[in-house]
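Common to both upcoming complexes is chain A, partnered first by chain B, then by chain C.
After this line comes the complex of A and B, so read on.
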């Protein structure tokens, strides 16, 4: 066969002196890098993606996955990836695909923002000794509350409150469908969501019956493919999300290859086994904002008015679009920044379309306030939340909660290798191959994910304590507690943040 | 640029007295109480609010205005005469005090909005609020620092004793008094920056720093308030105005929204109460005053004292006959009432609401 002229990215190496020929690497690699050569392990390093599964399961640490030192001649303009992709495209005529969020070195605004802390004039609060509240409610809020005092002196509520989703911390799990990830991975999300008092999201792959017992912690999604959508599905969770777009691939649809559609996925999606599951780029019943309104209300009617979230990719005009979505009746606007992850997207789309979540949250929160409708919907910020600090900064910019996708997968073993679209995930996450998915024990990994959420919640409480506030809503939209470092005037203006030192 | 502001930070002492029988007390009591708390101020601001001091003009809005110069006064008066029937104009009587070398021009007006100007069903109160917002943000050098009926605020740069002497506080008689001494940490004193801060007949004196100022400000801006002073106190005043006057909550309920009880306590309440408190918390999340504060706010019918949710600033209350006292320190109360009937420290977030009896 013609040898690719795109050099391998990684060199999988085995120290033959250390190797005890246990063959675990062969067994563990989902990409068939290793095979048995009779007396030693053979290596096809072209297939290696550096997911490090073999490294972790080698009992004698004989394996090393090195970055290939052989590169094209360095060129500040023609990057290694430019040249390699051209060679690949010349060989295949296709679009290079990728998984996870963009890894290009665009400026990261989260890393240019610093949070405040209290000294002297206002005291910080010790979260180990004082209550520190992270509870968050997602949903439409009235602009005012009417109460009346009864003859017994007790207050009674006269305002009918719109439905809310209660979260014990301002985190939710990002939508990841059964099909793009394994059922075991979805179970990890569901179990952790229940344990942490937050919610997971089915993505557009329908709801597997094994998850029904977690329904109080599940938001179901309706996307352009309408996979798995029926009246029971719409009513199965606490809310319904209409997915318009995804940060990693704004404006384009989805394509789950037939290899990732075995019987269980097919049943859940209500499609034949082995067929490609194609999600069209737009929803073909939504060609305008008024169409969106009709779908929002159709869903509300069929769910006895559960909250409806609308998920969009953050594109240039995001503020106006979000305002339209709120006016169309959405209870939640889910903003997915361009760094957001994906199971599969054309690299060129992922890396070059959309805007960062930091700008988007600020612009949307501003616009909704200018129009006096900020209370009409909650804002969820997603797309590259790497830590509790990112979460705190997103909340200070105006988000009600943040969504966590990649970080949740990392707790399951993911190393952000970006090969989710191959269906060969050696960690059993983004694959449907039974021998691989069996590796992901939901109970074991749910505990790790719960640990992460608890850890981030702890950190968030410490941050609030340092800020001298004891409720997360006092941070929400409080941009006065942020300062920019090394940001230009216009960016500061867009973010509504002062430069450090002011 | 909306976000590019410098907020005013200050530590403080405060005190207040109310006669539930609407007995009018002269200003010496409040002055003596306030003057005791020397360590709580640094001489860069003090002020007093008094209710019931203008019985002859009780149907008129009493505007107290400070001017930097005569031009701003002319501009203001032109604007005022255009929209209001002006009953009386006079310079606020002052007494020369050695340490107060420069003071703004201080004038008071007793006015009523002209009937013809109340178009579109706007209430007199709303009209007055609009005027105050407009003057304070648009007329350079003019600042309305008191705008209620039968009440007035007297404040400036100086210590409590100097300000009391300057404004001849002891000559006024009121049934509610509040006083404030200030310890600004980052700004040179400005006469308008002293407390009490007022809007209509609301007056607020405040000790603390609202750590949630940023979001409180943005929340208020959504409802058309212009925050020109950049002080925490201003935020508290406008929030009360929004919740009580515009949204119709009673004062106690409004306090519950501003210093909300913790979820752990709300979760244990019986259904009806939990439902109300949850609705308030959700709706007024951005109005939650978070961070250390104790504040007193007076209005024509009463006086309210409240602390933040975990009582990070002091507040003591006491009663004696028909009088209720509230102050940063018990000593400030005992200075003017040596044997109170009862003295207590109000719990965090629980307002002390005192109302005058209407006879």
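After this line comes the complex of A and C, so read on.
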């Protein structure tokens, strides 16, 4: 076996003068970069992914993780990743895997959109002194409501409202399964969702019994592998999601290898320990909108009509597909954009398939309005929401709420190193190794995640105040409050947004 | 026995009545004049018996966990979708995508079954789902199969249909398929090995067929006279070498 011709990405270095030989780096690294050499720490830098766990736990700042200067000769066309992947493929014959969302420099439309604010002629609102409504209800809305006067003289809603999911802020946590992330990471999401009055999503990995007490803040997912799905599971949460696709890997199935299926994961997925958990690319009982409708209503019949969400990756024809989904009876359309994260996906798929969420939300919102069915379903925008500003822009483009995955993991220690698929996450997030998952104390990190949601909620209130509106409802689909910077006419037309200055 | 006349009734109303009867503690429910109503028995968790006169619609017994459903006629697509336990007996033919993601329970069809039967069937410990068809099957039988037992009998010797279609067990990584008759290896997925059943397999087949024969008043010994082929995955990790890390 010769040394790989793909050079290491990073050089893990230890200043031996500073190092006090405490061996914490050896204990902390999930990738076994460090080992004990008798009188000093030995380094196998080929294994380093720059997750910075060792750096944070080194008490004397002796560790530095440098970008490897010995890379291939710089070339504007043949990037480092192109050359390295070819070498890896030449050595293995496999598809290079990756984790998290695409990091390629495609244009980011969120960064080309600016929100409006009030000056002089219409007053802005101070959210610290005046009420500001972020509460959001996901679900079908009736096209009209009727009220009647009761015998006591009070007005009441006569129209029977379809079931709604109540959120105290327009954020939800994106689906991340037990298996792709650790149970402790799922507990962080569940505890934070409960505290913030929002919801988390089980992903396609079943529902662990430890999460049952959070059931009022959980959406359960049904995907092509049907892992852990039984009537009890379908009824366990506030809603059920049918997963058709994922932004990071549109049209691609899931594949959790047997070695990452220890007892607890197997129990929750209801499969034998150590077998592969294959989620086929399509659901073979869904080949058409009619088939989708059949599954939506089978789930509704089995859950006494809980709301059903349908999650799709945003692809070229997303508007027509979303229209079909709404007509099939979905209560929520969950759009997962091209930048959406993943625990594991072939790099080539993640980086080259799908369309960004900004285009998709605008196109879907437009289409549903044109067809007069926008009220029939809520839109959730996901796939690369990095800040409350991205959230506000997505809502202005037409989303009812946004879903947060990567941002939530970052509060748990994630540094977006992108190596989730190895199962070695030193932060205890995307791993099932007990010595690593034990590092993630759910109570401690739930507090951090709650902090993030509260901070984003505050920021969103400030944005709404600056816009002179007092409810997130008033921002929804209000593209007049967005302007594009440096966007071409056609993109502006798709987004339904004017250029800055107009 | 509690009776519901389903004539001209919308499926939602019918299933509401069925659920109500189950909730009221009825143990045997007879549905008369059923004509294509969807979702019968879906998500029901009680060990009740539902007898259907007429042809039930798609998604019969989806997510079901306990009941026994007897269909005295043909049945349509998607029976036993993600079923957890219980039993469905169909006295005629049945359609496509039967037992998708089925984790437990039994599906006995006297006649032919359609395409994509037993896709992603699973097994867990003592929960072993069983699908038996007395007739022929279409393409993609047992695709992605991860557990459980699929048995195809081809009882009608005069049938002009091929016993089984193409792409048998594509992506199979668990469970076993038993076919009464010859199987052409070229019609199977690359992940499938065709072999002779051993004594233990024959015992399993006999056990499964005993109940099947009781359901349809068939002669078990007569059926067992003809030899079976056993189809199993050649690897529990069919896609182990697909990726570079």
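Criterion: the second predicted complex is superposed on the first by the 498 of 502 C-alpha atoms of A that agree within 3 Å, B and C clash if a C-alpha of one lies under 4 Å from a C-alpha of the other, contacts with A are read in each partner's own complex, and residues count from 1 in each chain.
The rule is short, and it goes like this: a contact is a pair of C-beta atoms (placed from the backbone, for glycine too) under 8 Å apart; a residue touches a chain by one contact, two chains touch by 3 or more.
Being a predicted model, the structure only gives us computed values, none of them experimental.
Engineer: Give one of first, second, both or neither to describe whether A:88 is in contact with chain B, with chain C, with both, or with none.
Structural biologist: Only chain C is touched by A:88; chain B is not.
Engineer: With the two complexes superposed on chain A, say which partner A:21 touches: chain B (first), chain C (second), both, or neither.
Structural biologist: A:21 sits against neither chain B nor chain C.
Engineer: When the two structures are overlaid on chain A, which partner does A:275 contact: first (chain B), second (chain C), both, or neither?
Structural biologist: After superposing on A, A:275 lies in contact with chain C but is clear of chain B.
Engineer: Would you check which partner chain A:478 touches, where first means chain B only, second means chain C only, and both and neither mean what they say?
Structural biologist: First partner only.
Engineer: Based on the superposed arrangement, let me know which partner A:421 touches: chain B (first), chain C (second), both, or neither?
Structural biologist: In the superposition, A:421 touches chain C alone.
Engineer: Chain C touches which residues of chain A in the complex?
Structural biologist: The contact residues of chain A facing chain C are 88-89, 91-97, 222, 224-226, 229-232, 234-235, 255, 257-258, 270-272, 274-276, 278, 280, 284-285, 294-295, 297-299, 301-303, 346, 421-422.
Engineer: In the complex formed with chain A, which residues of chain C make contact?
Structural biologist: Chain C reaches chain A through residues 12, 15, 38-39, 42-45, 58-59, 62-65, 78, 81-82, 84, 97, 100-101, 103, 116, 119-120, 122-125, 140, 143-144, 146-147, 171, 173-174, 236-245.
Engineer: Show me the residue ranges of chain A that touch chain B in the complex, using the header's touch definition.
Structural biologist: Answer in residue numbers: 118, 121-123, 125, 130-131, 133, 135, 137, 141-147, 149, 154-157, 159, 161, 164, 369, 372, 374-375, 467-471, 473-481, 492-493, 496-498, 502.
Engineer: Residue numbers of chain B touching chain A in their complex, please.
Structural biologist: Touching chain A: residues 1-4, 6-7, 9, 11, 185, 208-209, 211-215, 217-219, 221-223, 246-250, 253, 260, 262-264, 272-273, 275-276, 278-280, 282-286, 288, 290-292, 309-310, 312 of chain B.
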